[in-house]
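So the structure is just underneath, and the comments pick up after that.
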Amino acid sequence: MNFASDNVSAAAPEILDALARENHGPAMPYGADEATARVRAQVSELFEREATVHLVSTGTAANALALATLAPGWSTIYGHEQSHIEQDECGAPEFYTAGAKLTLLPGAHAKIDPEALETRLAVPVRGVHQVQRGALSVTNATEAGAVYAPNEVARLAAAAKAQGLPVHMDGTRFANAVARLGCAPAELSWKAGVDVLCLGATKCGAFAAEAVIFFDDARDWEFQLRRKRGGHLFSKMRFLAAQMEAWLADGLWLRLAAHANAMADRLAAGLADLPGARLRHPVDANLVFPELPVRAHRALQAEGARYYPWPGDQSFDGPDDAAAGCRLVCSWATTEAEVDRFLAVARGALSS
Amino acid sequence: MNFASDNVSAAAPEILDALARENHGPAMPYGADEATARVRAQVSELFEREATVHLVSTGTAANALALATLAPGWSTIYGHEQSHIEQDECGAPEFYTAGAKLTLLPGAHAKIDPEALETRLAVPVRGVHQVQRGALSVTNATEAGAVYAPNEVARLAAAAKAQGLPVHMDGTRFANAVARLGCAPAELSWKAGVDVLCLGATKCGAFAAEAVIFFDDARDWEFQLRRKRGGHLFSKMRFLAAQMEAWLADGLWLRLAAHANAMADRLAAGLADLPGARLRHPVDANLVFPELPVRAHRALQAEGARYYPWPGDQSFDGPDDAAAGCRLVCSWATTEAEVDRFLAVARGALSS
Amino acid sequence: MNFASDNVSAAAPEILDALARENHGPAMPYGADEATARVRAQVSELFEREATVHLVSTGTAANALALATLAPGWSTIYGHEQSHIEQDECGAPEFYTAGAKLTLLPGAHAKIDPEALETRLAVPVRGVHQVQRGALSVTNATEAGAVYAPNEVARLAAAAKAQGLPVHMDGTRFANAVARLGCAPAELSWKAGVDVLCLGATKCGAFAAEAVIFFDDARDWEFQLRRKRGGHLFSKMRFLAAQMEAWLADGLWLRLAAHANAMADRLAAGLADLPGARLRHPVDANLVFPELPVRAHRALQAEGARYYPWPGDQSFDGPDDAAAGCRLVCSWATTEAEVDRFLAVARGALSS
Amino acid sequence: MNFASDNVSAAAPEILDALARENHGPAMPYGADEATARVRAQVSELFEREATVHLVSTGTAANALALATLAPGWSTIYGHEQSHIEQDECGAPEFYTAGAKLTLLPGAHAKIDPEALETRLAVPVRGVHQVQRGALSVTNATEAGAVYAPNEVARLAAAAKAQGLPVHMDGTRFANAVARLGCAPAELSWKAGVDVLCLGATKCGAFAAEAVIFFDDARDWEFQLRRKRGGHLFSKMRFLAAQMEAWLADGLWLRLAAHANAMADRLAAGLADLPGARLRHPVDANLVFPELPVRAHRALQAEGARYYPWPGDQSFDGPDDAAAGCRLVCSWATTEAEVDRFLAVARGALSS
């Protein structure tokens, strides 16, 4: 019963098999290998467009390197106040951009309120005195487990592009979003105005593999220099490529994501029947944010369930009947049995 | 016949097995897993001293993060003019330190000439007008395949410490050095004055795993923040740990390195018998730097041998008898058959 | 009738005279001159405490260098959302700190709401995932012309210090604050918990001179290196020192500031009598923020009055009776005649 | 007898007068004043070409900001190993560029050896592994007081431009160079291939004023943002402009420089007659680098002469007859009497 994060999961067996298959004989380093070339072709086909693809091993690296390529130090990146780039990267975007600001926007379920963005972008920049407009960053699925539909992304992107700003998508859970929407990856990315997509496999079944996909290659060389300079260019690149190739092959990425989403649905459905339970966010992806009476949390923890209070200043202390929020994350590896056991323990605590 | 680099090799089977073994069930992320804890204990035991150990996935990240923790932006790092941090990291140390200088020192076989270091350190720093003395960086084994003995490291470190400078060791081929010297790892590191060792497994049999070992934990937290901020904190850390654990277990790291060294010896011995061949550097580790007549290179390339001219401005064009230098790198995966075939092709070209 | 900013004013005659007096013969550079030594003594006496004093030529440099010395790149600086460091320095704090964040706090009249600060500081930092708490920055007088009393500064500083944070004061209009409060400079700075005061003379009568005053010298050398590295170490330092010395001598700084404050009071008093005029902020210092009917603005502009709409998205277009905000800044050089003429023009427009 | 540096001199009376003249009434800040506009026109006329001109207050700021605008962090700047940007700016270029390297070139009298530059530029850059070629920086007059003729600058610039590199000139003593050569400023700058000239008035008669002159305005806006972000945008810009305007008006800049050069000639001529004296560098500008017997130094110091040993590790201790080098800098303010007294004291010591 580990719902702490999707990153507590192992890698899917297909990913391990691919690594094993790739693990023989010599291969040229730094991306000059055949597996990396295959991934490039695969991504272009999947996204129905020529794209430059570069692999890195963490989502933070993918985001920060991509943003630094888009937004100079004297600019600001517009993003949600709950976004990973603001909340969970220890300032990596600021580090890689040499000090760009993040302009934080509100919005329910960690989705940027388009009016808030439009209003903010309409504020004139006072010459050299203020940082300039830099880039827009959109996370799909969001930190609150919500999913933007293509037209929602398109509205935000249009507002950015009206000011000449490039659009970055933090797609650490892009797979979950696409699996939920059933749309083409192209629809949710470049067709909606996304210039760079950081497509995350790590949380969704890989060991550690993220693809930074530029739909326009104007900044390709700069990105490559930044990647190397950041220490993110793998010498044995074929092992990142092997993961990504297997993940994207034959729809595995969507099957894994759909499973994680389904487990979240199952959790949500079960929670709906519990007295005193309430969901704080819609369940569009693989995250569930219930509020539960403290005694349910206490019983769950006693049974070894792992998960975090949410928001961060919540606590599972307090009177039995007090409501306390938490975050439950399902992954490709979450089982129905785990979900059902979680629900049973909570139900038991609440009905006693 | 791929002698282009040790990073063209696959991972050793033991490393893959360890990854597979670790690949089940949930594990807490970001280094809070058991495998990472085991690696910490393992390193402390191997180095006969409590040490803080942090894993990253590339040697450039290890070096740059370690150096940034030691040397502020307004300082200079003393290192060899042929060192990886100067020649092969696209300025990663400068990026991570926010602009520290590298003061480049000469020395045969890419080993820092101790007198050159002592002379340079004796030059007074003119107040705020010049960057301050920051840190010493020593690479063992060197880019030219030479190995510093413990007393050689100690002399350099003593010069640094006389000025209060911390000492960094780029140990991307530390395994090869220890395997050659037959000394205890402690002797070649902290007992010789090294404060931070970047111990590389990637080139020596892993997929991608490097341990940054601080023998003094005063800067541990700062390093951790820098690692996260640099995008180098793996969420599924157990998979870096699994590699490192298997590599260090039961002396595997030294067996793999000793094999690579032995293959280099075999190459060197064979080359010694060839007319017109000459070694430019001693073969202390797994690298061989022969000069060969151009027609030998031509024959080797025709047979599909992969390796680079050395230094970089050499070329395999030119008259048949002109001497041209190259670099041949052996790895844990290099076979006697490959070595022998290389020698046979060269011998054939030269005796015809 | 130029109320655009206090930086449109010339330098006070005493400052020019001092420069002329200092302008003879050779003097050792980079602060090794006698005038700089005298300023150090003067500041320590004025603030009733040994302090290290370094001169720079712009307020942005003073703030950014001071903050970089206090707060590492992986931290956040707590400040008001309307503060100069956020709104008017094109990201200089982020640049000098190598990417620290600014955590923006609300509060009426650009004064930090102490409860908002306390609440924000109470939010736990999640390990390495978030930037760490770095420093508190307080501006006195504020961008809205309000003045913190010593006990108000002390409350904010106490909240910061409870978390171990150093406190920076942007004192570009510290003179105006002290002149208004009639308190000792020490009371409003180190006795209230301020660790570094950026004391601005530029806006208050100098050509270009700012003193960065550290009440604790632990970071003195680092600051000096940062200043040089930032290109802010004057060679002919005596000319910065001459300005600062004359400004601080015999209470000139407070006389100039008191005059500017009095002119603002005169403006405010006059505006109070005008139909349709309303002040948006209290007049604690030398800034006045009235709302006026558009036709008054139109008449003023026609008469050549210079000043800015406020906030920035206001405009002097629109229907005659629509209210539009503006900022009026008085300086040491503002005359009663200018004030009275401004009022007369506005009165004329409104009574017609 | 202060020959320590040209920055020990006061400002020329004409500069002070101009400041006084400009010091009345309000003027719009940040360069929107009339004096700044006049300087722009003046520079364009003097250099016979439209140019963008930005004023800053230190030479280090001028150089570092200009270089950062030319060379990205992942590049290297080619310059002389004795240049100010390497030796005297505490890493300001590295700071402003976010970590570019300086590739240090040799050459007599601190002039870059053109063959050394050509050879270095011919070395191929190995893909992303090495920092890329960034910019060339040439100092005229050099740190050793030598002057490049236009054709010498042109040869270096041609080598740079063959690789697509922009050319920066550190012109802290450009006035001395032009005064010596008697050429048009255009000949020694853009006609010889210089893209950005940092024209220094500070050492040559101003309080603190440097003009950064871009002969091509493609990077003008970026430079302005970098200047503000670096804290180098003066609010009361008219006072920088007043200095620069007066300095450039009516050939004052060349008269002041010619005087400084003439004083250096006089020193050199006098030293030529002294037994045991020897010049280490030609006297092209206002610097003289004699070697003198220690007893001469001892006598000079006893008489209060101020100057530095040169190179930095020299010392005025040692046996009476040992030769010790020093640097003597003349300025617009140096008098014949000072020179003659210096020579007389030295002559006395050597003939006794």
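To keep things simple, chains are lettered A, B, C and D as they appear, and every chain counts its residues starting from 1.
Criterion: a contact is a pair of C-beta atoms (placed from the backbone, for glycine too) under 8 Å apart; a residue touches a chain by one contact, two chains touch by 3 or more.
Everything quoted here is computed from the prediction, not taken from an experiment.
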A-C or B-C: which has the larger count of contacting C-beta pairs?
A-C
Most remote chain relative to chain D, going by C-alpha centroids?
A
Averaged-CA centre spacing for the pair chain D and chain C, given as whole angstrom:
34
In whole angstrom, what separates the CA-based centres of chain A and chain C?
42
Which integer distance in Å separates the CA centroid of chain B from that of chain C?
52
Chain A, residues touching no fewer than two other chains
73-74, 89-91, 95, 98, 128-129, 225, 228-229, 233
Which of the residues in chain B end up touching chain C in this complex?
30, 72-74, 98, 127-129, 132, 222, 224-229, 233
For a test of understanding, state which residues of chain C touch chain D in their complex under the given definition.
2, 4-5, 7-11, 16, 19-20, 22-29, 56-65, 89-92, 95-96, 202-203, 207-208, 225, 228-236, 239, 306, 333
In the complex, chain A touches chain C at residues 73-74, 87-91, 94-95, 97-102, 123-124, 126, 128-131, 312-313
